[in-house]
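See the structures that follow.
In what comes next, chain A is part of two complexes: it sits with chain B in the first one and with chain C in the second one.
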Partner chain A sequence: MGINVADATLEPAKGEEPHVSEEVVKAKGVGPIRGFFRELARSTSGLIGFIIVVLLVAMTIFAPLLRGNLKPTTDYWAPFSAAHPLGTSGQGIDTLAMVVNGGKTVLLVGFGAAALTVLIAVVIGSLAAYFRGWFDALMLQVADLFMTIPQIVLLAVMGSLFRFDSPFWLAVIVGALSWPVLMRSIRAQVLTLKEREFVEAARLLDLGTLRIVFVEIVPNMASFILINFIIAVTNAIYAMVGLYLLGLAPLAGVNWGIMVQDGWTNGAMFNPDALPYILAPVAMIVLLQLGLILLTRSLEEILNPRLRDR
Partner chain B sequence: MLESGDTPLLRMTHVDQTFKTKKGDVPAVQDVNFEVGPGQVLCLVGESGCGKTTSARMAGGLLKPTGGEVAYLGKNIWDMDSKEFIDYRRSVQYVHQDPYASLNPIRSVAATLTAPLLKHGLAKNRHEAWEQAAELCRRVDLTPPEAYLSKFPHQLSGGQRQRVAVARALTLNPKLIIADESTSMLDVSIRVGMLKMLGKLRDELNVGFLFITHDLAIAKYFGWSGKTAVMYLGKVVEIGPTPEVINNPQHPYTRALLNAVPEPDPDLTRTKLPNGGLRSSEIPNLRELPTGCTFHPRCPLFEAGCDKVVPILAEIGPNREVACHVTGRDTRSQTDSPTRELAG
Partner chain C sequence: MTAVAVKSVPVANPDRPRTPSIWLRIWRNYFLRRVVRALIMIWVVTSAIFFLVRLMPGNPVDTYTNKLIAEQGLSYEQARAQAATLFQFDSSKPLILQYVDYLNNLLHGDMGSSIVSSGTTVASKVAAHLPWTMFSVGISMVIAIGLGLVLGMLMAYRRGGIVDHAVSVIGSLLHAIPNYLLAMLIVVVGGVKLKWFDFAQMRGSVTPGVQPGFNINFIQDIFYHAALPILTYVLTTAGTWALVMKSSTTQVLGEDYVTVARARGLSGGRIAGTYVGRNAVLPLVAQIATQAGFVVGGAIFVEQTFAYDGIGIQLYKSINFRDYPIIQGILLMITIVVIFANLLADFIYSFLDPRIRTDERTED
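What follows is the complex of A and B.
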């Protein structure tokens, strides 16, 4: 274990300062990783959420090893059996294998779109609030413009016009459209934070504008930003699944959205043997969303140093 | 007015600050003049709303005066080129009143103290910055430093936080520290320790202090070897060496302030006049300042004419200036000085 200072990069070189190291270890107690889990364990729902999300991500990463056979067979809409625990699809593909493999696009687009949304919102929102003036006015206008665009309708129109041929562009478009709401709330928070005396103190020490905004001010909203990141993930997943359901996103490959769409258009809901084919992806989406939402509960406590030590 | 005759570190000349509000202009500070040299202390005292903090913020370059000049080493800070301003910025530091607001809650003491050291190249690497931060902690009596450096502000008491704020102000080796009510949020028990520590900095590092307080006892304790300026409604009404101002106050407002200091002896307290001898305890509104001497509606020495003519801050003795028609005249006639007539 290294030396457990709060800002681990500031620890003095080991060996040169044995005295300091000992003192610091005593002062703090646990390391950042162990501290994270200790805090996580404190809230049961948060821990459950964390476990669900980790399991789903792990399942997606190791999907080819777990159940990699996605070859079509002639066994269409087979009922559940030992060979096919969830039956087969209309093409005779093992449903369980599709469910296990179908999370990749959903997770990539969800997290990618959310990362883009949060990045745009944080950078524009905090700089607009800090500088005010013409930049703020312009960005507010742009945000208002984006907010008036009904997202799902625009996605539907764009989807029918361009046929997004990769999940990457889906993530970019979902991300580029959903930043204005978060940008406005970040701007509002920075407006109050920048009047705090510690910001004035940083200005008196001439620490530099970018440093003041992104090192002194923005981390104060870390829990808010992370929670909004996760909410953005859930929103992006819903937007994407909605597009798939409407058949406006590329229907190539295997993912939960395509499964729902496929099941719906091919009459799986009228075939009792095909029921797992439509319910399993829905259950996975619900489970993922539930895990993400539960996880947000614990993050507040983990990220706020004031709550951390209680 | 400096004994040494050097250029003062900071000089405020005819500084005005008028805040424009919807209800009208608020002259928060009018024609304030003072200067602070290295290792010197100037205490700015007065009741709340008298412009102490506004003056301090202008001295610290946080607020641009609407009139007059704030000069650092003889040069107006608002006319400086960026290199000179950086020098000023580093040399004049500010300690806020509220140590609960002035420290970033998410940054550890070490991060707070090392950031300016690294940014301004005073430390070459993180290890060196850590060493210097530990040294600063020792300087402000946070010992052993290792026990404090990794802590976050919420893990510290008010006094410890304020020490961290002072240590942060010291990171850039300032020549002048503006302490804006820096001890008033602290427990009385901690205050003396804090003042001793600041006094040590003044003596050992030759740091000048502009010390803002509403507490005359603190001004007396900390500024005994320096000067004290008494402010009332945005103006300096009396300025002089602290022992003179405290022991021989000339302006009736200074006298009233001193009279208001609580006495531990109840018999002595009973002999005090109600309202401290003032005609009124109401503080006039800054938007509707009284005519003539702004203190006249409350002044026990009120005479005809006080409400017509604005008194100027005039010298009444060595290093002593008072803005009062009555006491100014009396003192001047006692010393037989044939100087300036009353203005107007």
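What follows is the complex of A and C.
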């Protein structure tokens, strides 16, 4: 049976049967990775999104080389100049250097939290669907409960009770609270996938439950998981920057969230020279979110050929 | 028409269907089930919050007791008693008794008092601020859904047209901007740079001195103050609604019954309204519940940015002051509001799509 990545993709919201398309993504003869890029290049917005994300990640990785000087000077809120193209902060630090270096925590927490979300959702969702019974019922109820409490509110309350003291814990809490929606759609997918012949074959070969679930079934949802991973990154970044804004996240170091918070609470928007200090990190966050969203939209189109003719 | 008929097993009399009784039974089944489920959910959330606050390392009562001893030189018993009244719980009692007390107090609408501003009860605080959030979020959801509905149908009818492309691009862009950042941009660009509005005047939820009442003055004033939050919520969510509506309309347009309706020569408006619209709107209604929770959550950030005096900004303040009784009360009330929003969405959904009511039992 021609099981490729596109097979398992469907729109999660409808909860209908996955569309098992025998139409193979055109690129199959070229090899999955190159074909994938060829498809991506065909969609302009997808390509733009991909380039934005790659550029931002590259900028963050090479930030110390690009503009590594984060030393405070006595030049507070300096206006535009050749030495400081975006002026300086309230501590006299070069704003451009802060913007270039400020993506690290945002990206790490975003990707880390999303990885945790996807991990929990895939493990619980696929096992619940595979076993059914009490585990399934229990997990559905737990997911319902988590989905009922507004996540951001819960996050803010947890932030006030726990006092996140490092970005690592921030990522863990954000990741641990946002799995339920994805878990439900993974569960719906596995429910239909597990009735397929190859699963039956694996079961007859007595491959063991864990192997059947995680080696035979889960890889069929790879594309679906990838798209949801990116969506989870955008959600995690939304929650995280919001927490920074409320001052509930660790306010040490340099990152876009802290810059916005600092600029906002210190009234940077009323000072024309300080305006870049608040607008530049906002622009970076928006750019990152936009790139990720454009990427998911075109990934959905590539991996779900049905959407293309619409 | 006896009470027994209601209690009997659904398949009791297959060959003698009594319409009113069956109708009653289905009605009871579906709606009662939903209400009971919502109540159970509220109970579970209430309990979860109870244990979350109490089983935390360094629970707030102990922290507050220590603070009272250190700052006001009270004896341990005095401090403990004072802390216990404030939080409506006494951690020296067995947990199960505390739990019973807590539920009992809640049933009487007593959620404790604020630590920071003594004398203010949590209930009064919530009652004073929650309506503003519900007002601004509710109005924006109605506007955003209405807008999304119209735009989405237009996009589906004129696929590949200008509206389709423009709304797709603008929608993605606005969706990409976190709502609190959009709020900041509105303040910075519209308020500070271009001076389109006086941001300082628009703070708060109502101008001091304006008497609440059903008159044009008051209504104008509350809309004036809520305008920026509403604008933010609508801008960030309408595009998503439009995209959901577009894809479901596109799907419905391909259905056979639409083709048949066209073949029957029905007017375009009638097809769009009764045949396409009513069916296409279903996925939208299903999403209202999740979106409501999300928008209410985002309200913390947005209200804080605009200094709009809703429940979100109160939550933020109480978090800053570590005012645990208020935090607990607000978390509880917001969750209850979202549960009721879900319940309402369920009812609307079952009204629009009666299949839901009957399929419900076989689904899970």
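Following the convention adopted for this analysis, the second predicted complex is superposed on the first by the 255 of 310 C-alpha atoms of A that agree within 3 Å, B and C clash if a C-alpha of one lies under 4 Å from a C-alpha of the other, contacts with A are read in each partner's own complex, and residues count from 1 in each chain.
Just so it is clear, contacts are C-beta pairs under 8 Å (C-beta built on N, C-alpha and C of every residue); 3 or more make two chains touch, one makes a residue touch a chain.
Not measured: the values here are computed from a predicted model.
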| item | value |
| --- | --- |
| First (chain B), second (chain C), both or neither touched by A:66 | neither |
| First, second, both or neither for A:251, with chain B first and chain C second | neither |
| Touching partner for A:219 - first (chain B), second (chain C), both, neither | first |
| Which superposed partner A:196 touches (first chain B, second chain C, both, neither) | first |
| First, second, both or neither for A:57, with chain B first and chain C second | neither |
| Partner, of chain C and chain B, that touches more residues belonging to chain A | C |
| Contacts on chain A seen with chain B and repeated with chain C across the two complexes | 13 |
| Complex contacts: residues of chain C adjacent to chain A | 41, 44-45, 48, 52-53, 56, 159, 172-173, 175-178, 180-181, 184-185, 187-188, 192, 244, 247, 250, 283, 286-287, 290, 293-294, 296-298, 300-301, 304-305, 315-316, 319-320, 322, 327, 330-331, 334-335, 338-339, 342 |
| Touching residues (chain side chain A, partner chain B) in the complex | 4-7, 9-10, 12-13, 16, 19-20, 23-24, 27-28, 196-198, 200-202, 204-208, 211, 215-216, 219-220, 222, 305-306, 309 |
| Of all residues in chain A, those that touch chain C in their complex | 11, 13-14, 45, 144-145, 147-154, 156-157, 159-162, 181, 234, 237-238, 241-242, 245-248, 260, 264, 269-270, 275, 278-279, 282, 285-286, 289-290, 292-294, 297, 310 |
| In the complex, chain B residues that touch chain A | 60, 62, 86, 89-90, 93-94, 96, 98, 101-108, 110-111, 114-116, 119-120, 126-127, 129-131, 134, 144, 146-147, 149-152, 154-155, 165, 168, 171-172 |
